[in-house]
Every structure is written in C-alpha cells, then in structure tokens.
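We call the chains A, B, C and D, going by the order they appear; numbering starts again at 1 in every chain.
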Amino acid sequence: MSEDNHTYRLIIHCPDKVGIVAAVSQFIADHNGWLLESNYHADPDDEWFFMRNEIRASSLSLSLDDFRHEFSVLADKHDMRWAIYDSKQPQKVVLLASHASHCLADLLHRWHSGELNCDIPCVISNHENLRSMVEWHNIPFIYVPVDTNNKAAAFSKMESIIEKYQADTIVLARYMQIIPSQMCAKYKDRMINIHHSFLPSFIGANPYAKAYERGVKLVGATSHYVTEDLDEGPIIEQDVVRVGHSHSQEDLVRLGKDVEKLVLARALRNHLENRVIVHGRKTLIFD
Amino acid sequence: MSEDNHTYRLIIHCPDKVGIVAAVSQFIADHNGWLLESNYHADPDDEWFFMRNEIRASSLSLSLDDFRHEFSVLADKHDMRWAIYDSKQPQKVVLLASHASHCLADLLHRWHSGELNCDIPCVISNHENLRSMVEWHNIPFIYVPVDTNNKAAAFSKMESIIEKYQADTIVLARYMQIIPSQMCAKYKDRMINIHHSFLPSFIGANPYAKAYERGVKLVGATSHYVTEDLDEGPIIEQDVVRVGHSHSQEDLVRLGKDVEKLVLARALRNHLENRVIVHGRKTLIFD
Amino acid sequence: MSEDNHTYRLIIHCPDKVGIVAAVSQFIADHNGWLLESNYHADPDDEWFFMRNEIRASSLSLSLDDFRHEFSVLADKHDMRWAIYDSKQPQKVVLLASHASHCLADLLHRWHSGELNCDIPCVISNHENLRSMVEWHNIPFIYVPVDTNNKAAAFSKMESIIEKYQADTIVLARYMQIIPSQMCAKYKDRMINIHHSFLPSFIGANPYAKAYERGVKLVGATSHYVTEDLDEGPIIEQDVVRVGHSHSQEDLVRLGKDVEKLVLARALRNHLENRVIVHGRKTLIFD
Amino acid sequence: MSEDNHTYRLIIHCPDKVGIVAAVSQFIADHNGWLLESNYHADPDDEWFFMRNEIRASSLSLSLDDFRHEFSVLADKHDMRWAIYDSKQPQKVVLLASHASHCLADLLHRWHSGELNCDIPCVISNHENLRSMVEWHNIPFIYVPVDTNNKAAAFSKMESIIEKYQADTIVLARYMQIIPSQMCAKYKDRMINIHHSFLPSFIGANPYAKAYERGVKLVGATSHYVTEDLDEGPIIEQDVVRVGHSHSQEDLVRLGKDVEKLVLARALRNHLENRVIVHGRKTLIFD
C-alpha cells in the first residue's frame, strides 16, 4: 500500500442538529486533514445524523492516538457514537463454509489477487471437501463437523477458534447451519451472511425450489448481517438475475450462484472499507 | 397492417410424447404455411407439452375456418388444448384505473402511437381526475365510484360494462380495489394486474412503505393474472430498480412508477400477442 | 410545495485544498442552515474540488440575497465558481421535438403529474403532428418547419422564441436536426439531447440500424449536453436493454424507446435539481 | 452424467422454405427421438433458416453413426449445413492467459466444480505467475513467452501445442497479444476472446482509460469470436455495470473485471452447448 492509499476513516453518528458537519470538518481542517471522501446522511424519521470521512493519513499533523484523544472532546459534546479506522490495519476475517465452493472460491481469489484488503486467518467448514483449495492459498483449514447431536459443542468450538484468531468479521460463505442466538448477539453487525434469495422473498430453506414453484421471473441473492431472527438482519446488498420458463430448478441454482458471489463480495468490500453503518433494521452504505 | 405482418398464432398444449412437433409442423407445411416463429417447451415435472407457431397468413392455402376445422382432427388425436388467433382481430382491452395516472398514461400513449395492437373500448375508474386525459384519446371514460357501502353494486355495474364492450382482456392499471372472487373466476387468465412490489415480497397494501421499513436495496413491480388469492396469481413479468439509504419512501414510490409502467406494458404486449400460456401457478412466455 | 420542501442548493467548485468543506459548512452553520444533503468530490487528476449543499430554506437566518452577498466574500477568498438556486424558482424548459412522440409524451406526463419541477413555456417542433397532445397540456405549440433551404432562418426563429420565453434549459426530445454551432455555444451546459445509442458507439444517424448490423447484444441511449461536436458532449446518463437475434431492427427501435424515455427523464430531473456539474468533457452527478 | 442428461444436439442451417421444420422433426420422430429443446430462427434479410434440436440420446432407435448416415440424405435434399454433437464428448478447450488472473480463475473454478462441461488439456501463458493456480487444478501449464523479436516463433509454438492437444476451442482469457491472421483464419468461429469494453466502443488498447476519459456512465465487456479485424468479430455476449464520477480509472478496471468474468463464462457455456451459430458478422444464440 502506497502512502497515498493510507487513509483514516472517521465514522460518526449522533442526534441531528445544525453545525455538526462544520464542527467535524473544522476539526479535521485544523489538523491539516486532506479529505478524500466525505459522505453524510440525515435520517428524517428519527432525526439522526451519519457521517463518514476518509482522510489521507500522511496529511494529518497529529498521530492517530492524538486524533482519538482530541476528537473525543468534540464527540462527547455532540453525543456522538464514533470510531476511526486505519486502512493499514486490515480486518481479520474468518470464513465459514459448507460443501458449496462458489462463494468461498470467489472470496479467496479476490483476496489472493489483492482486491480485498483483509487478512483471512482461517477457514472453518463442516465438510472436508474444500480443504485443498483453502490450503493452496496458505490459509489454515479447520474442519468442525456439525450434526444434530453435537451442535452446541461444535459451535462452542467454532467460537473459540474465532476468538483465538481475533476475528473482526465472520463471513458465512454459504455456510448452511443456523447460528446460535448467543453467537448472533456476540458478533452483532460483524457476521455477514449470503442468502440465496431476494429477501424478504423465500426466507429459510430451499429458496430456489420455492422460487421455481412460484414462477418468479427474477431470482436474487441478499447479503445481510446475521441476527437471531433468521434472514431478517439488516440488508447490505442485493441483486437479481432474469430467469424464465425454460429454466429448470437446477438452472436457477446455477444462475443464482453468480449473483450470490457478486452480492457477497460487494457487501464484504463495503464492510471492510467501513462504508456500512447499521441503523435499526437497515443499513446505510456510503459508497 | 401490411399483409406481411398479418399472421395466425397457433397455441397448443397437450400431454408430451414423441412426434407432436412433427405432426403439427407437417400439418402446417401440408397447407403451405410459412412459419415466422415457432417456440415450444416441454415441462418435465408433469410431462406436458406447449407450442406456439406464428404463421404468415398469406402463405396458407386454406381459410382460417377450414384450418380450424381440419386441425381439430389432429388436435383430438393428441388430446390438445388449442386455439388459433388472427393478428388482424385485435383484442378489446378494458382498462381500470384509480387516481394514479402513470400506468394509464403510459398504456394510452403506447396504444395511441401504434405500439400496442388492441382496441380500448373504454376506461373505467373510481375517480374522475383522469377523465380529460382519457377523452383526449377519444376513448369513453366511465366513472364508477366504489365505497364500502356500494361495493357489490359497483362491481356489478363494472361487470356489465365489461360485458357490454365484449372485453377480451381487462387491465388493472393501478386500480386499487380488490376484485370480487366471482369476477376473478369469470375473467381467469384474462385480467392483468400490476402490483407495486417484487412479489412474493410485500403482498397486499403499501408495499413501498414495507420495502422502506425493511431496507431492501432494490424495489420492483410484478404483473400477474388476477386470482382470488390476492397477489398470488401467475406472474407474467417482473423487474426491479436500485434504491439506497438516501431515498425516502416518496423516492421509492417515484422510482417504482417507472418499473410499474414498463412491467405492465411488457406483460400486456406479450398477452396481446398470445405469447403467454398459463400453466398451473406459473406462466410460459414465448418471446 | 410545502415549506419543508423549500430548499436552496449551493453549488461550488474551486481549486482543492485543506479546509474548504470546513469553511463552507461553517458559513452555513453560522447562519443556522439545516443541511438536507451535502455531496462533494475532489478530482485527483486536476486537483479540483466540487460541492453541492441542499439547505432547508426556512432554517436560514438570512435572506437569499444576503446569503449571496455574504458568501461572495468567502467565495472570492477560495477562488470559487459558485451559484445558489432556489427550489421555489422552477426552471423554464423549452422542449424541441420532431415527429416521434415517445420522449415528448413522457416528459409532458411527468411534468403534468407533478414529478418534474419546472415550467414548460412552449414546445417547438418542425412537424405539426404533436400539436394536439401538447395543447391538451395547455402548453403553446410552435411550429417551425426546417428544410435545407431555410435552416438558418428556422434556427434564428427558434432562437428568438427561446429568448422570448427566457428558457433556462432546452431539451431536444428526439429533435432530429443538427443544432448550429453558434446555438451550441450560446446554450452551453443548458441544452440536453437524447441520443438513441450507447455512446460512443454508433455516433450520428441511424444508430439502431448500425447496432442491428453489428449484432450487439444490448442497445442503449445516452443523454448529454449538446456541443458543436456531434454526440460528443458531456454525458449525463446512459442505460441499455438486452436484445437478441430474434429481434428485428424495428424491435430494436421499439425496445430502445423505453430506454430513451427513462434516460432523458433521469438526466433532466438531475439537471433541474442542480445535481449535474459539467467538468471538461465529463459530468459529475450528485444524486 | 446420467443417461437423462445424455443428449445429441442437431444444428442445421439452410435456405428458408416451407416444410423444413416438418421434415426435420418428422425425421427425428420416425426414429423415436424425444425432443428436449427445439429452437429455430428465420433470418428475413437473406431468407436463411437456422435450427437447433436437443434430443434425448437414450430415446433414439438408431446409433449416432446411423443417424448421421440417414440424415445426410435429408440434409442434401434441402442444401443444409449441419452437424450433430454428442453431449458425452466434451470439447477440448485450451485456455490462453497473460498476467491477469480473474478470468482464468473464474473459468477454472467453473470447470473444477462441474459447471462447465469440457476438458481443459492445458493452459498456455506468456507469463509464469499463474502456474501454481493452474497446476493445482492438475492441468498442464505451458509457458510461451512472447516478445517483439520472437512473435512468429512464439505463435508457431502455441499453434503446435494447440494442435497436439487437439483443441476444439481456444479461449483468450484476457490474453493480451494480438493473434496472427493466419491463426484467426485457422480457428475461425472456434477462438473466443473477452474484450474489456462494450464493443464497438473503445476498440483496441486501454478501453478503461478511454471510458474514463469519455465519462461514460456504464462500462462493459464483450465476448466475441476472434477474426483478423481486431475486436470486430461476431459478438457472443455483452454486459455492463454502472459507474460514476466518484470512480477512479482503477475502480473501472476493478468493476469491469466482474463483468468480464461473467460475460466470458456465459459465452463459453453457450459455445460448449452448441447454442451459438455464426451468421456473417453476427451470432444467433439459442438459449
């Protein structure tokens, strides 16, 4: 990463009122911060304000620690929830997979080719079949089988692996098990799923079978944060592809895979660049 | 319409077996029929066969009546459900509208500019506001108010108008009233609705409000045949448009209008060209 | 328009440097301005900065005239090109049309139904066929025939009409004549065309014929500001639709119409809301 | 491959006249052939007829050799160009790559996961960097460097490799060298390229740079058969993705990659299933 690409991302949300943009941008300017991007949104429903600033790191006249220290005074004054992220500190992303390879292969290639700025400390799967693919990337592959008798133990083991690797983000790359409520709560807004339908259509199992039965003319995929309400979490990204009467259910599955891959990759990229802010049941995407 | 554009459309469906395409195409060839289009589909789930042939009218060596008479022998042998349509006999399409103008204006302009091959004997509405627009097109505008007390009488009046004008097809161009079951049954596969969501998401009232609440990243529209199960009829066409956190609910309504217009117009066009075959809960679209 | 919808739109561009966002947002905050939207972009190629602020009019503690007066001090200091627009002062948009009705009908309906916030003082056409449609909307229709012998005189007449009606913006709604260079210069960044191809493919006449010959799998439309280089002006909006081997050239024309309408309407809407900034050969769209 | 999926694909084109569909489908029915798909197209410009029939192999009462022998009588009578393909005989596809990995990785994964029905006897590249990825798939990787001094020798070597492996199809998976005319002629309609623009826009080198300069609002990719006229061959598939002023040229490259991958994969799939017929400068796609 060149120095030009080294940035800090300042994410803020707080009650809306006159003068917040001025206060924040004045603070940044006072410390010579060069803004590369600045986005904001005011939610009229609950008068809440959101802001994302991307600042060239080399332009700032104070250290990141000093920035944090000094900004907290301003933040307290305006009752802000806020964080600042360093683009040189890539997130640790643990991938969970089952038997299907398409989303996992896609994410691994994006990471391997330098498109995704993150570390992948390990891949966990309840099947062995993708071990070789993962290990070719020099990423540890950890097999944690899950069956009806050992669910609690299996998820407890997975949780300890996630903790050991200090994951910032967990991605369910077509991981087909339902996550226990306690883990959903623990990794709130940090666990990303790809559901193989255009939510809220076809919640739950076998969405392509349901789409085929219903005779829809488009099938889709949805990436969302995992919550304890199945397939009800805040949506990060969605897309669709056209289908017709000549397509079998297997065709829907095949066509849907390409949408799943793209939707998950876009969602994860935005998440890694701190472009996603969860607000109630929804997300803001500052892209 | 030039003679070159004058066609007969032969629509067939029957139990699938070897030799049906051969039998039908041999029959057409024996009478010198020039095929302009020929589409077919075999449904593997219930082994049912579907075919649409578009034949240049001027090429046939027998009249349409004689065609019907002679083809019925072949049809009976293969247990066919079938019909043949003359492109020179445009369908009579009665439009139903409420207060919103966008779908109605769109269909009227397509008809007026010669894009839609149909007659529009009248427009029925439960509001007066679109009268002038309709009458500018030299189409009778019939006001049939509907309120909670007179629903049965109002729909009875509408039904008699539809019968009087011998409508082949009824289009609900954002007509916001629920159609009585008896009318749904009477006009089965002939009454087309546009629902302002990507079904089966957001069935029923206020789909844009629900989409806004859920935070979806695409909103859509669905055109379907009306059945007595609300928004559950066979889907003819669907499409979507991208939305984001900066869009208000009003923006969703506005962006959705363009999708509604296009989806309804495409569905109606395919219906008028006898390209839609209803099969159980689904449609085949031979386009 | 309710008071809540009454806004001022402050558009700025200037050499990029640290502190501009702070200075502008501080100025707005000092006068109690409530920001509804704020967008900005820094062009790294030539270090130029662009900003659009939408301010609730009722929140400001000074009049628009006083705002202009006081802001000019700040603007001069930073070498800004700037303007502030009042959403209550709709632009005057003169529409130019030829024989084809689809774009004109679409824009007129959007205006008539309140979707487009502008005045349409007149429609000018070199054909008579759309007079009745225009006049139904209570808009003057002015027939200015153009043929090879009278081109200069015809355009001179059109220019005087445009001046008489004090048009802010001129829209070529499939107006099929080439505009004289002098008029292109006079109405720079204020004259919007819709070209019926996905530019820069198929510049000039008969783009659908060329697309059909080339066998492309998508056809499109492009809305751009008119410059004296034919079809080379800054692009405001583009879109495409899928076509295939079964589509005739007439089908391409028909399918393309829907794209043309949407693309022109989106471009005009963004232009009217002062969301488009021309920068060299390109546009920025703050939507 | 189960017996149900074992099919023969009969591809025909010939001068158009009455009775061809009847003759072909009667021939198939006489031999008890079960049609799974049947598509046809009549080109009105040059009165040429095209047909693709997909027949369940197990249903036929004669061998493929006998079918070929007997059908040739009918074919000669109607002056047909024709071929019949066995889905159990997957094509041999040689992939050519340069430095960029995205298209190659995508095709290899589709092949590895069973989505693409073909053999990949080897990958040839003028760079070494993708060797390990290819070899992980147990596919030979052959390094054939190309520089200005050795172009003829390098392509001669590549040609002998292609011949040795008896390639049916050659895919340029972002192979960045211009193919000699003689090879273009030799592998006519069998060599597939992916060009990183929406052709005919931005022919030749650096299309994303040109797209960025021009300020287009969509960038695309085009898969086409290679001819000696650079980027002018028959188009198989195209698609686009939306871009805006906030995207850098690098963003266009990144967003374009996803389109390139999808477009090339769809084109190759249709080619492998014998769904593409080249007709002059264009293709028919029977999907």
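Here, a residue touches a chain if its C-beta (ideal position, glycine included) is under 8 Å from a C-beta of that chain, and two chains touch if they have at least 3 such contacts.
Since this is a predicted model, take the numbers as computed values, not measurements.
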item: Selected pair, out of C-D, B-D or B-C, that shares over half of its residue contact pairs with A-C; value: B-D
item: A-D compared against B-D, more contacting pairs; value: B-D
item: Distance from subunit D to subunit B - Cα centre to Cα centre, in angstrom; value: 37
item: Rounded Å distance between subunit A and subunit B, as computed from the means of their C-alpha atoms; value: 41
item: Residues of subunit B engaged with two or more neighbouring chains; value: 246
item: Residue ranges of subunit D touching subunit C (in the complex, touch as defined); value: 41, 44, 198-202, 213-218, 220, 234-240, 244-246, 248, 281-285
item: Of subunit B, residues touching subunit D in the complex; value: 18-19, 21-23, 25-26, 28-30, 32-36, 38-40, 42, 59
item: Touching residues on subunit A, where the partner in the complex is subunit D; value: 37, 101-102, 105-106, 109, 112-113, 115, 132-133, 136, 246, 254, 257-258, 262, 265
